[in-house]
Structures are given as C-alpha cells and as structure tokens.
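Below is one structure, written out as structure tokens; the observations come after it.
Per-chain numbering from 1; labels A, B, C and D assigned in written order.
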Amino acid sequence: MRGALGPAVDVPLRRTLPRITDRLALLGAVLIVLITLAAVLAPWLAPYPADRLDPVLGLSPPSAEHWFGTDSLGRDLLTRVMHGGRTSLIIAVATLALSAGVGVTLGVVAGYAGGWIRDVIMRITDVFLAFPALLLSVALAVVLGPSVTTVIVAIAVTWWPWYARLAASTAASIATRGYVDAARCLGVPAPLIILRHVLPNALTPVLVQISLDAGGVILIAAALSYLGVGAQEPTAEWGLMVVQSQTLFTTNWWAVTFPGLAILVTAFAFNVLGEGLRGALDPRSVRT
Amino acid sequence: MPRYLTRRLGQAFLVVAGVVALTFVIMRVVPGDPAVAFAGPKATPEQLAAARERFGLDDPLPVQLWNYVRDLVTGDWGTSLRTRQPVLDDLFQAFPASLELVGAALLLAIVVGVPVGVLAARYKAKFPDLGVRVTSMLVVSVPVFWLALTLQTVFAGHLDWFPVAGEYDRVLDTTSPLTLWTNITIVDALITGNWPIFTSTLEHLVLPTLVVAAYPMGVIAQMTRAALIEEAGQDHTRLERALGFTETSILTRFSLRPALGPVLSLIALVFAYAIVNGFLVEAVFNWPGLGRYAVQSISHADTPAIAGVTLLVAVMYVVANLVVDVLQGVVDPRARAR
Amino acid sequence: MIEVRDLQVRYGERTVARVPELDVREGECVAIVGESGSGKSTTLLSLLGLTEGAHVSGHVRVCGVDVLQAAPRRLREIRGARVALVMQSPQAALSPATRLGTLMRRALKLHGVGGGRIEQVMRDAMETVMLEHRILRRYPHEISGGQAQRFAIALAIALGAEVILADEPTSALDVTVQAEVVGVLRRLREERGLALLLVSHDLALVSTIADRVLVMKDGEVVEAGEAAVVLAEPSHPYTRELLEALP
Amino acid sequence: MTMLRAEGVTLGYGGTPVVHDVTLDITEGGVGLIGESGSGKTTLARAFLGLLTPMSGNIWYGDQTLKKADQRRFRKDVQPVFQAEALDPRMRIGGSVAEGLSRGERHRVPELLRQVGLAPELAERRPHQLSGGQRQRVVIARALAVGPRLLILDEPTSALDVTVQARILDLLASLDTERLLITHNLAVVGRLCRTSHVLFAGRVVEAGPTAELLDRPAHPYTLALRDAVPKLGGPPPVARGRTEARPAETGCPFRLRCPLAAAACERAPALREVAGRQVACHRAEDVLGG
C-alpha cells in the first residue's frame, strides 16, 4: 500500500501549458518577450550609443529626444535602461542555470537513493539555506571583488539548495511509483533509472520554479549592485543606476524612477508567468 | 512529539555547526591573508607578524577552526575593523532596533496578508481576487531599496507627513530620556510610559515598516489564497456544503486552519528574508539596526563584522524554523502525529 | 422524497448525465449502478445543487424543495437537515483540523438544535451507528475508514435527515468493514424509515440492499426497474455484460 | 522443487516488522495471497521481487537465497504486474514495453502488444491516451517481454471497472506462466489460483486449496471475509466480529475481533494441519463445525 502521492508531480509541462488561460500569466509572457527583445537588440534599437557622454545635457528631464531623461553624466537613460536589461537577464539566466544544475543533480540523487545519502545531502542543503543570500553574496564580493560574475556565483551558491530540496522531494515520490519498481525488476541499473525515469519526471516542477525565481534573482542582483558589491561602472545595471542617482531624487526624479520601474516590471513579469505555470500544475507548492 | 522535537533540535544544531564552518571557510580561508586585511596594505613585516600571531594564522587550519569555534562559544566574535569594538557588543546594540522594525513589519504583513488572502479565495476569479493578485504580485516584485527611496522622497520629503530618517527624535533623549529594559525602543517607551518617545518612534516606524512589510504581505496573501483554494477543492468542502454551511463559513471555520500550515512555514522564510531586506531599508532610513551596521561594514570591508552579522542571521533563521515547526503542530493536528 | 424528471447535467457542451425519471419514496432504497464515467455521481450531487460549474436543467424536487429554482438560502435549509450526503473518501471528507464533535455541534447549531439538547442528540446519534462517544474528541486522521463512514451517517441521524445520498460509501473500505457499514444503513432503513439513494459500481452489493435500480452508461440511463427483475432478467445488453463480468 | 519460496520471512520498514515469520511456497497452478489493507501482502510481494530485503528468514530462488542468486537470471524469471502508476507518463508505450529488451530485440514490441490483445499501432501513444484496461495490458506486455516463468500480480485489476476487470483476468488466466496473485478479492483468487494463503496482520492464518478454503473456512477471519462479500441476489453481507479492533499484539492477532475468542487465544496459535489445510487457530474445529 503506497501513501497518497502529491498532486501531478510527473505531469509533462507541455500538457499543463494549454491550461494556462490565465490572462495575467499571458501578460507576463508578453512582457518578458518584449523586455528580452529590448535587451538583446539594445545595441541596434537604443536611440544612442551606450556610453555616449554629453555633459552639457547632464540631468535633463524626459523630453522628445531623451524619453527617460539623462543622468548626471548626460547619458541617455532609455539607452542605459535597455542595456541594463542585458545585464539583468544575463545574471538571471546564468544564476538559475548554475543553481538548477547543481541543485537538481544532488536533489534527484538524494531523493532516489534515500537513507543516509539523502540525510547527508539534505543537511548540507539546510546549511546553505540558513545562510542569508544577500549576506553570503556580500561576503563573497568582499573576497572575489565586486563584479557581475561575483553576483552570479554568490546568488547561485545560496540558491541551489531550493532546487535540491524541490528535486529531492519530487524524486522521492517518483521513486515509489510503479514504473520505477518495474524498471528495477527488469534489472535496469540505478543510474539509468534516474536518467530515464526520475530526472525527466522531476523536471516539470523545477522548470516552473525557475520561472518563478527569475524575478527574485533579478531583485537580489539589483540589491547587490545597490550595495556596491555587484556590477561596476561603466556597466549599465539597474540597481547601480538607482544608487548613483539616489541623492538627486528630490530634484531629478527620473534618474531613480525609470531604472527602478524597469526592475519592478521585469520582476513582475516573471512572477506572474511563474505563478500562472504553477497554478496550472499545482496550486499549493508555494514558497518564497 | 517529544522525540520528533529532539530530532529537530539535533538537526538545527547540525545546521548551526555547518553555518559556523562555512563562515570560517569564507572568512579565513578564501580571502588569502587576513593579516593583510587587518593590518592594512601598508603594514610593515613586523606589524603583519604581530597580526598573524594575534589571530593564530600560523596554526594549521583545523586548529584555527577549533579556536574559532571556541572563541564564538565563549562570546569572542572578533573585533570590528571599523568601530574597533567587539563585534558581539556591536550586534547586541544594533539587534533590538532591527527586531523592532522587522517585528512591526511582520505583524502588519500577517494582519493584512491573511484576511486579504481569504477575501481573494472567497471571491475567486472575481474582481476582488484579481485585485489582490495583481497588487500582491506588484509588492513582491518591487525592489525594496527603490520603494524605500520613493516613499521617503514623496511622503517624507515632498509631503512632509512623516520624518525622513532615524528611530525617534534624538532631542527627546534630553527632554524625556528613555529607561532601557529590553533595548527595543518602542516596547521600553510603552512599559515606562514615555509617551513623547513612543509617539515619535511610531511616526518614524511607519515608512520603513511599510517598505519591509511589502514583500511578506504579498507572499502571505498569495499563500493564504492558494492554500484556501486548495482546501476548497478537497472533499470535505463538499460535505460541509452538503451540511448547509455558507461559503464564507466553510472558508473561515473549516478551511482556514488547515490552510494556515503552509502559511506558517512561509513565515519562517519570510522572517529571514525580511531581516535581510531590512538591511537595505535601514540604510535608506538611517535606522540604527543590524542593517545599517552591515551596510557600513560592507563599505569598510569589515570582515569580522560581516561574519558576525551573517552568523547571527543564520542562527535566527534556524530558530525561526524551529519555532514554526512547533507552531505547526498547534495549528494542524496532522502535523502533531508525525 | 426525491422526484426527478428530465434531469440534464452539462459541463459546457458535454452532457454528462441525463435522467428522464427517478423517484425515491420514504423508506425506499434506490441504487444507481454504473462504471466510471457513467454520470452516476454527477446525478447524485446535482440533487443537492452541488455540481459546481455545471449547467443543470429539468425538474428536481427534494423534500418539497425545487432544487433548481430555490434560493441558495432555502437550499441550505434542507442540506444536512433533511437530506444527508455520505461520500466515497472516508477521512478526506472531514476537515482535517476540526474534531468530529466540533463539526457535529456546529452543524446542529446551524440547523437550530438548541444548546441543552445538543449533547443528548449527539450521544444518541453516535449510539445508533455503534460508535463510541469518545470518538467525537478525535480528529479525522485518528479514526479508521469504517468509523469515518459511520460518523457521516451519525451526522445524518443527529440532524434528523430523511434521505441519505450515498456516493460509493463503501468502495474505499475493506470488505469486512463494508459489511458493517452496509449493515448500519440497512438497519436505519428498517427502524427509521430512512430513504436511501445509493450510487455504486458493485452490482452484487446493490442486489442485496436496493429495491429499485437504475443502470447508467456514458451519461444515459440504459435500464431501470425493480432490482430483482433487472438483475434476474436484464433487458439491456450492457446490464447483461455487467452481470457476466461479476467473478 | 518450487521456483520461489519464503522461509520464516519477517519484513518491515525502519525496524518495525509488518510481516511476521511467513513461510510460503509458490507452487504450480497459481498461488493466491488474500488480505485486506494493512495485512502486509504488498510488502511480501516486494520481498519476492527482491525489492525489499527480509529482516530475518530467507527468500529461496531454486536452491540459492535471493541475495546470492544470479540476478540476471532471476530478473528474467520473475516479473511483476502492479496495480497503478506502473507506466512512465513521459514514455511512449513502445518504449515501456521494450524496457527489458536489448536493442536488437526491439522488433518484438508489436508482437508483444498483439499477444496481450493490443493493436501494435498503440506503441507510438503515451499512457494518458490509453484506457485503464489498455494500460494494464501494456504493463503485462512489458513483463512478458523478458520471458518470465513467474508473474507476481499485485492487485492487477482492482483499479479497473468490472467489465474491463473480467477481460484482464481472462488474459492473465490464458498466460503460460506460474503466478502469485495478491488481492483482497476472494472471487478473483477462486478463478486464478489452485492454492491460497490468507494473511491477517502480517501472518498467514490459513492456507490450502482455494476451493476448500472458500467453501469451508477453518479460520474465523477467512469465514468473516467470505461472509462479508456480497453475492448477487444473495443474502445481505454479514459483519462478523468487531472490525475496528486493532490486531492484538500478543497471542492470536485476531482474538480482539473474533466472535469465538476464548481464554486459549491469549497463546499465539501455530499453523497446524486441519481438514486438509494449514490453520493458525485454536478453535478451527469449531469454525468448521459451524
């Protein structure tokens, strides 16, 4: 007698996709496409070259020539915001790929093997979970020096445990399914069972989680740059742009507002899309 | 239950031990030579040697780790490079203010988030639900430091409704000095009946609390909504309908309690998140808490101080999880059986 | 007690159940038999207006209330108090964080059973289904499947229901436990004149308890009549197939 | 010599035994293992499949214990048919059937599908596109692929509608393999198994020729089981004894539920030969006498 299994763990993603009739999630998807296009095509689409200085035009308010205004060095803010999108997306993709890669590998092994192997891996996971992401990142940045790479490594180090946990619990429930037992009875070796049955079926919730996490990663990356341990001049990065102009907020609102809005909209887009995906899959497995 | 609790305590202890080891690795092993960091880049060889001697850097690593653990346990968390004070003293000074801010924020987040989640679940797919979903998604997606700057500029700067920064008006320290009991200003002001400081702190709290509460409020509302909708799909909801209960009564009297389980485990996570988010907010509002201390330490590359804050926050996370696990049993009888 | 004419339940374009005629009289046991997807459970739930998101048409009278026309308030008055529901999943049908006694007390108060009488009513109901009184202090996960089903019946007794709608009440139970639950239902029918509408896939079980039978397949009633007649001389090929499949 | 045999096997999870000291031969003509939820029947099946190592006692495969036996041969000889979720939702049917075949043998998939009464075209489909009965046929085809001599059937039809159930049972009966059938359904055992074992709380309480067992039970639990099963047009099912009483920790495990329990039952009864079968009951003669 097997216990009740969680809802729809091994439902392939493509079968849940058509169920997303949710308009909000659709809005998120459209926004993400637009933001990605703007970021990828920034060198060609942006109205000005990325680093063109124009001290005469320093801190001019939004106008027909400069829709978002200019910063204190006279750089066009719309251009900088578009280029900032590149930085944010690169960070998000690299961080999530790194942490999901490590986390899912460890998690699937832990979940399938069970016993002491699972215990050891899960305790290590707990340690990294207890570490505040922001602070570990800061510590690493102090050590490695502030840069985009530091941000990626630092966030990934604190982020993989989530995927390990998720993959472990999914894999553990898949390990009790009849098709895994059947494969064992056919003499299929354990590594092959993991690759053939456990991993593919454990992937759907992970993919959903990744789309949910993208927003969070972008927020943390911006916060790190805001703290001065992330991207450095002259890289265009939204958090960095906010911190550079924050003292001028009262007089030059646009210099802080537009980069901030860019972060907000991007994080929002990823969050609603991820939530829509999860809703289609399982309304309950929620975490921060 | 007691056996389960002992096991959880054991696990928590292991995690704390792991955190200490990890901190040690990051602080002592990765940076290369901490002696340079302490004595400064222009230090003479003699000064360097003295620093080495002082930190025991010539000992083998396991001995250093052992010494590190021994120092931590005996209350020696190192000396801040910036304030030149024991880190533990600095932490004790800053911690209560952070607790004040985060406590207020979480209270607000729960008091608003749970009812709002219930509202959304009751009118699922109708207008209130859509409103709650969009709003909660927005507050979860907003960068805290930017929200802090914006609220500060608009409500404190332009409109002048609230004070710009600080914990309370420092002038009051001379006109009505505060007697310290718990070191948490608002609590001390309340129990000693120091109304000028109490109201001043309250005024100063509003904006930073709103900013720190934004994220937790959003996730708690989302989680409450999701958990309630999940409960509504369970068989028992159908039985309760068949017994003649109204939808609202089913939601609040039968579904809310089992739904609070997942919300509770979320609160432990959100607590840790709020503390760290609080760091950015404290820096903006010049709140005299851990966050301001951490941010200042970061800009001075004050490694012992950063390590201290990291360790403290990690321990708090572990403790918060333990507390939530115990509460879980109170809320959900099924959890007690485990 | 129950009078159904030309009932049709649709989800969007799809008709999931069509019942031209179904009557349950006092003290009578009527069974709807069919395999999965036959629409038997949907039919049962539509009698209490519990099919969410479905479009229900026709004429349904339950205990004198026109279910499809009645105001929600009027419908809630007969739910529980006059018509009770027993579901398939035993413990899952009870709210996990509510003690059984609390649930029963809330339901009694809802239907106007006064303070002083409540304890006596609860004691009697539990005795009727042969459950110990202390079970009322338990949570759903602390009782067995058979106990949960008997508790659901006790709820019906306590509230004074005249009809029990039972949706596969024993298919999640072991046979020995099933015999016990069926025994309780039979006794209530004899002693109290309780009417019973039973949905089941088990022809053998139905043959031992039902007066009349409706056989459903793919949303349609393929055969209806006296249980003894239908099961002895089935006229529809599907009924015959069902009977032959019995091991 | 029988192919598979449990000898004094005790099984459990995390140190808590759920099956106690069971000795069972899988003899010719089909062996039934009858029990209700919590009886330990699935646990015993997993031990026979080598998915669970006994806490004590041995599973014998021919003249060797399962641990020492040639795994390749054992895996080819003994195959399971489980009740549900036995197909990987992402795999095509053909892939599932071919799981036990080498690359060179994959051409046998259509033939195997036909053998279980399925159209070979189904090989391209995925499980959710098939009906419950079709899926169960695929599971059987996958097991047959490696040419097993023994099938361990764990509730092979209990998740299916009755009409489908009947056809799957026909298919199983037509197969040329030995079988151990695990079920709660007495009628199914009567059809497929020459001998049967009744399991209560992890112990064999009665074992013998299936027909004898069902006609004249000698253990009060077998009797209760038989009389609880409703029969078409028959008398209403009878509940004997208190079903909610837990199995007793000491003495006869059934005594708290047993209407015949006597003082003697506080001693654990051993299996003994009564009227052509094995019974673990002090009062077997009284049960037989009615």
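As a working rule, a contact is a pair of C-beta atoms (placed from the backbone, for glycine too) under 8 Å apart; a residue touches a chain by one contact, two chains touch by 3 or more.
Here the structure is a predicted model, which is why all the values come from computation and not from measurement.
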item	value
Shortest contact path, chain A to chain B, counted in steps	1
Pair sharing more residue contacts (C-beta pairs) when C-D is set against A-D	C-D
Longest centre-to-centre distance from chain D, chain (CA-based)	B
Nearest-to-centre chain - CA centroid comparison	A
Intercentroid distance (Cα basis), chain D paired with chain C, Å	33
Geometric centre distance via CA averages, chain D-chain A, whole Å	49
Centre distance in Å when chain B and chain D are each reduced to the mean of their C-alpha atoms	55
Of all residues in chain D, the ones touching two or more other chains	37
Chain contact graph, described as a line, ring, star, complete graph or other shape	ring
In contact (per the touch rule at the top): chain pairs	A-B, A-D, B-C, C-D
Residues of chain B defined as touching chain A within the complex	11, 14-16, 18-19, 21-22, 26-27, 30-31, 130, 133-134, 137-138, 140-146, 149-150, 153, 157-158, 219, 222-223, 226-227, 229-230, 233, 262, 266, 269-270, 272-273, 275-276, 279-280, 294-295, 298-299, 301, 303, 306-307, 309-310, 313-315, 317-318
Touch list for chain C against partner chain D, complex	35-36, 144, 146-147, 174-180, 182-183, 186, 201-205, 207-209, 228, 231-232, 241-247
Parts of chain A lying in touch with chain D, wherever the complex brings them together	1, 5, 10-12, 15, 177-179, 181-188, 196-197, 200-201
Residue ranges of chain D touching chain A (in the complex, touch as defined)	37-38, 42, 46, 49-51, 71-72, 75, 78-80, 82-91, 96, 99-100, 128, 139, 142-143, 146
Partner chain B, residues of chain A touching it in the complex	24, 123-124, 126-136, 138-140, 142-143, 215, 219, 222-223, 226-229, 239, 242-243, 246, 249-250, 253, 256-257, 259-260, 263-265, 267-268, 271-272, 275, 279, 283-284, 286-288
